[in-house]
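Consider the two complexes below, in which subunit A is the common component and subunit B and subunit C are the respective partners.
Then we have the complex of A and B:
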């Protein structure tokens, strides 16, 4: 009952958020300079033709009219068609305004559905690596606040956070792919191609997890119920793993939710460096090509992912700590 | 009484010394402490704060943290020396030696049900007990400590328990492994007197049933004497005497004990005249009429919101130069009322007149002006002072806020109030973090005084201080009143303090004023059964005028969310009848400027009911 009400309320809120995000993105895209039709038709196309194409596509209608038309499609699950990308693959754009293949433009939904799983795979693997690095360091640091494990945690996170990801990506590619020939680095040809970018991302987000863990574990371990648990006769392992870890999990979970959303939404630099065909790379290309429908589609899908992840995180948090209310 | 001497002692402490290993050298905390404890015996340990009581409890529970170290002596539990054999001591902890602390609120993991944690603890110390049996035992014990519908409560989380219930659950937690020794460290301190009295009775019953020996650490002599077979007096880390309570009170051997008994405030001492009301000037400085305030809280289980009736039907007058007392147990709405009286929040209904002006409906700017004349002193001496500000700046701030005087005048005023409350002027530039609790409360009083208010509202100002310091503060209040003509409102749960200083007292129960009466009248002829219950449970060494068994039924107050329709006290009142459950009596005059909200009081022309005319007999 509680969960049902919770879900209903949060999904309604989420729908509102997604609507606002769409409106914002939609308006801003049309306000900033840069005419997508000019890019589509090419620099040589006559002005009259561009105006005609634009009018045909409805791009000269008032923004609210365009937005209403777009949203009525979105509600039916239609994110529109890419301005630039043809359905048969190779992105063309550019000069060929009279190209006969241009009528068959790619569906935005298909483009996203094709790339999103790769990004999800990358995000999940990055999260696993990050936790493998951060949990031992963070928990150990939190159990000895002020001691040297705490300092190690601090130093590790300082080093990790100061490594620029583009540099780290290049260095790891050089070391692991070029020199040692252990892992593939560029493009995507299977699971092995995910490992390297995931490692770079993991090192990027691990410091935040380490920091959050040391603080929350140290705080929980200083609580009265942990202090008194030994006197009540519980063993140290029971205290740390059953009570300490469980209570420290709530702030960690919230952080992981945010981090995961960020990974899904925009691992732009890392995907670009490794030429990893995920949502990030798709976004970069869409922006560079002024591909309005694709940018909007990606924004809506990532916003929806944000909303869903947050709902899941909050639900898990209430399951762990029943005092929380969302 | 049971003959303890027939059994071999459970615990023998010999020459135990504990010190704090500080950089400047070993500072002794406990010195040469020796005593023994037999099964079923309850031994109280009393002493002022800093006497080493808690250190003793923790040493025996293997819970000494740095920098505390045992420096000598032994503590033998059935022959095992807990000091020498630390590993064995840790095995005994929680199993044979159980500990209950004074802070039940944070004692259990908030994310697990109480029941699961009781089972977890029992199985941690006695792994041979199967889970189902452990659960059954936990429910049985929860039932034994009178937690209502124990089987259901077993599945609830700590935050769903009230403070009193949590303390009961912690007693279950301690007793569930059938320990031979229970260390109870200040277990009644955070509880209301009526609940504390029930917990003490419970502890006696249970220890008798399970042959447990109890070391009862306590800072209140009356509670210690009530609870135990013998009392051990600890002073500055040394045992100064051990006696049975009656003898300790009648013939204390050590000077410290004698002083403790002498300083103990009395509730029914007629030798010392109670503060009288100021009859000369009958003009009320503050007049509260029908004030109510509710808060809304989210309801998780059913959705929607709950309405918490924090304050309702509050009525009283505070007269010029009076010491007005506002007493009641936690959750009775004292602090919510304080927020209304000081204009921090506005009442939903009713008026609060301060010198004829309604605080409840005044404009914010006007309230701020009025605040110059009524000031507040809070309970927590640590949280109520800004830690990064010098003492001088703290005292000058109110003057700055109200734009009074220039820099030099403010400085002079700050120095003047410092010397008035007994703070050395040398502290002017210091930060408050070096001050003791008593000094901090002096500073709080000084801060409230800088604006030369007419009314000071003291919200539990003295409850964080020990008895000696309380005495000094009360003397200070008296002196200040004589000099400045202050009117005080003391909000307190401490009946002895109220008895000593207040001329007129209002008793609150579940947000209502159930009785408003002059001091003598309230203590010798209370007009409300709840007032009597409160008096019956108050810790005192005097012969009791009211016996708890006659005044209070088992149980805890109803929730302010779900108030019964009639008199709120009806569910715990031994004299309640049908009308009480359907109709709220409301305050009515009972002569001699006393008011009470009870149907049993004679209305004009009616005869007095029998229960109220016979004063209860006393017991020793």
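Then we have the complex of A and C:
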């Protein structure tokens, strides 16, 4: 019953969050400058035609009317069609008229379904790299609070967090791809294309994990039950990995949940630099082209992912520490 | 009974199952690099449209793709040493029979990629379809009802312009610009094959559009003989640094629109070759001529005299070449105009005073719109122009926009386009000057500046109606172009220099002055 109540409550909260995000994005898109119909029809299209298309598409209706129409489609699983992208998914622009010969538009859902797996792959690999970097440094620092391992953890975090991701991306591409020819860097042709952007993202998020681990491990290792564990005859490694690390995992898990959600929705710069065809690049192009349905669709999907990831994180936290209640 | 642990176990298994369906397992086993026999990869700075009909757009990247796939009656290399040279391709002869009749003799034994034989009916259908008033790419001297196309036999086409009253020579240079479509595709009409894929007679066959990659393969029956490259992948990559990194690490073979700084980085790199070409594109400062204050030619001319174009060239470095006309030096009819507005602050002040705005007093706040991310250095030289205009009293504000927002504001509208001045280039890959002049300065078109001036209309009609190319050249140089320099509906700032970079192992790539490329005879050192 706990599971059912928990899920119902959290999913209801999640639905509300997604609704609010949708309403906000929908409204903002319609009040900022930039007429999508002008971009769709082309700069040379006459004003009367622009107005006619906009009216036909319902874009001159009041925003609440447009939003209600849009949400009624969303609840039926219809995120609409892209304003500008053809069914083959190419990023397009520069059409010159409302030409009757233009090919069919892509479904927003199809565009997201095609790109999201690549971003999920990138986010997962970035998380693995980040943990590989952060766990040794963070745990080591936490075990020696105030000592030089702690200072190294602090310095590493400071350096990592200070590196701009676009600069780091270009430098790593120059070093690992251009000079050493170890990895491909641009576009996507298989798993190897994910490694470099994942490394950049990992260095970006590792400082947060290092600081969280350092603090939580130091805190846990100062607790009475850790001191008593030694009296019980447990070895230092057993104390650290069975008791210390497990208890330090709860705040880390929450942090990872947030970071993973951020990765899904916020890898814009890194995907742009590496021309990685994931959700981030799709979002940038959609914003550039004022592709309202696509921007809205991506916002809804990433908000839903954020909600679901946080539900999973909370469930996992209760699994690790049954005293927790959400 | 379901508890937290079993719920998580089941949820984990279900999630993994869903993920297996979503994630392509090839991600984990795909090879990282391809060998040297791979198709050539070209990276473009511009995306394409959603419509493969060649008459449906004026987008340069898509025009370049057409250059690989489509056939042309003739090609114009447009090199500075002989800018008007024409090389026959699908045509074997271009003959001006008289002032209003133009004869095209066609090559025999050529087929389209779908197997249809190429004949005169395809040229007739292309001309008649492309000149329809509703086609977005308005390339023809007049609409379909202004000329008549007859086909005395399968390999002869005669264009008669008597009805339109203009010279048949207007079709001469156009033959190097119009991709010839299949009459069968055209007959299918809107939403037919024409819009879904490219079908031409060129060295490469269109295979598919895969996301941002346009995939083409060698045409085994190409009429000029074996194509030495197995295929071409033409991809849109928006970021200039990303394109350069791709070239440096060997993922891309050819990249375009290099920034001058990138050129400096690549000079001396043994793995990279560079190509610099005076292009067919001029960059312009377009005045919005249909609204104050630039509806007054005196104010336009004053602004033109406030701008030191030599300073702009210093900012541009290798990406620009000087120009004193409204068309590129490699266009038909180009002359250095004696009355082209030069930097002259005193003349600027005199004209401002004559227009009723001494020292710029009384001028409204002016908006100058430019873009960043596509053309080289627009923001940088935009700042120079703004400072120069402000120095003379023009209350100008520079508005730098990303490409989509700028594009949305680019063209003329009733009452005048947005802002008061806007930056844009115009590229049309043929020596034909009217692809620029008539397109922009005739009141029936006036794409960006919105000018309506009966004198300019009359001068444009006079050069179009000239009885021969020689007569037309004379009218252009002595009548139309000096008139434009006097009325300045736009100020041509410079001619773009097109910079391409390619992997040095390749040889034999021919680049036209509008960026189109012939890759059919490229060989690899490897």
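Quick note on the criterion: the second predicted complex is superposed on the first by the 318 of 326 C-alpha atoms of A that agree within 3 Å, B and C clash if a C-alpha of one lies under 4 Å from a C-alpha of the other, contacts with A are read in each partner's own complex, and residues count from 1 in each chain.
Heads up, the rule we're going with is that a residue touches a chain if its C-beta (ideal position, glycine included) is under 8 Å from a C-beta of that chain, and two chains touch if they have at least 3 such contacts.
This structure is a prediction, so every number in the text was calculated from the model and none was measured.
Participant: Is the arrangement of subunit B and subunit C around the shared subunit A a clash or a fit after superposition?
Facilitator: fit
Participant: Of the two partner chains, subunit B (first) and subunit C (second), which one does A:231 touch, if any: first, second, both, or neither?
Facilitator: So A:231 only meets subunit B here.
Participant: Given the superposition on chain A, what is the angle at the CA centre of subunit A with arms to the CA centres of subunit B and subunit C, as a multiple of 10 degrees?
Facilitator: It works out to roughly 160 degrees.
Participant: Contact-wise, after the overlay, does A:2 reach subunit B, subunit C, both or neither (first, second, both, neither)?
Facilitator: both
Participant: Could you say whether A:147 touches subunit B, subunit C, both of them, or neither, answering first, second, both or neither?
Facilitator: In the superposition, A:147 contacts neither subunit B nor subunit C.
Participant: After lining up the shared chain so the two structures overlap, which partner does A:247 touch, if you call subunit B first and subunit C second: first, second, both or neither?
Facilitator: A:247 contacts subunit B only, not subunit C.
Participant: In the overlay, answer first, second, both or neither for which of subunit B and subunit C A:58 touches.
Facilitator: A:58 sits against neither subunit B nor subunit C.
Participant: Once chain A of both complexes is superposed, is A:321 in touch with subunit B (first), subunit C (second), both, or neither?
Facilitator: Only subunit B; A:321 stays clear of subunit C.
Participant: Which touches a greater number of subunit A residues, subunit B or subunit C?
Facilitator: Comparing touch counts on subunit A for subunit B and subunit C gives C.
Participant: Applying the document's definition of touch, where does A:222 land relative to subunit B and subunit C: first, second, both, or neither?
Facilitator: neither
Participant: Once superposed, minimum distance in angstrom between C-alpha atoms of subunit B and those of subunit C?
Facilitator: So the smallest C-alpha to C-alpha spacing between these two chains is 12 Å.
Participant: Taking the stated contact definition, name every residue in subunit A that is touched by subunit B in one complex and by subunit C in the other, in rising order.
Facilitator: In the superposed arrangement, which is not itself an observed complex, subunit A uses residues 2 for both subunit B and subunit C.
Participant: Under the touch definition given earlier, write down the residues of subunit A that touch subunit C in their complex.
Facilitator: 2-3, 33-35, 38-39, 42-44, 46-47, 84-86, 88-97, 99-103, 105, 113-114, 116-118, 120-121, 170, 173-174, 177-178, 181, 183-187, 189-194, 272-275, 277, 284-285, 288-290, 312, 315-316, 318-319
Participant: For a test of understanding, state which residues of subunit A touch subunit B in their complex under the given definition.
Facilitator: For subunit A paired with subunit B, touching residues are 2, 5, 223-225, 228-235, 238, 242-243, 246-247, 320-323, 325.
Participant: Help me check something: in the complex, which residues belonging to subunit C touch subunit A?
Facilitator: Touch list, subunit C to subunit A: 2-5, 7-8, 11, 19, 22-24, 26-33, 46-53, 56-59, 62, 134, 136-137, 190-192, 194-196, 208-212, 214, 235-239, 241-242, 245-246, 248-252, 402-405, 407-411, 413-414, 447.
Participant: Quick one: which bits of subunit B touch subunit A in the complex? Just the residue numbers, please.
Facilitator: Its residues touching subunit A are 61-63, 90, 93-95, 98-99, 101, 103, 105-112, 120-121, 124-125, 157, 159, 173-174, 177, 298, 300-301, 303.
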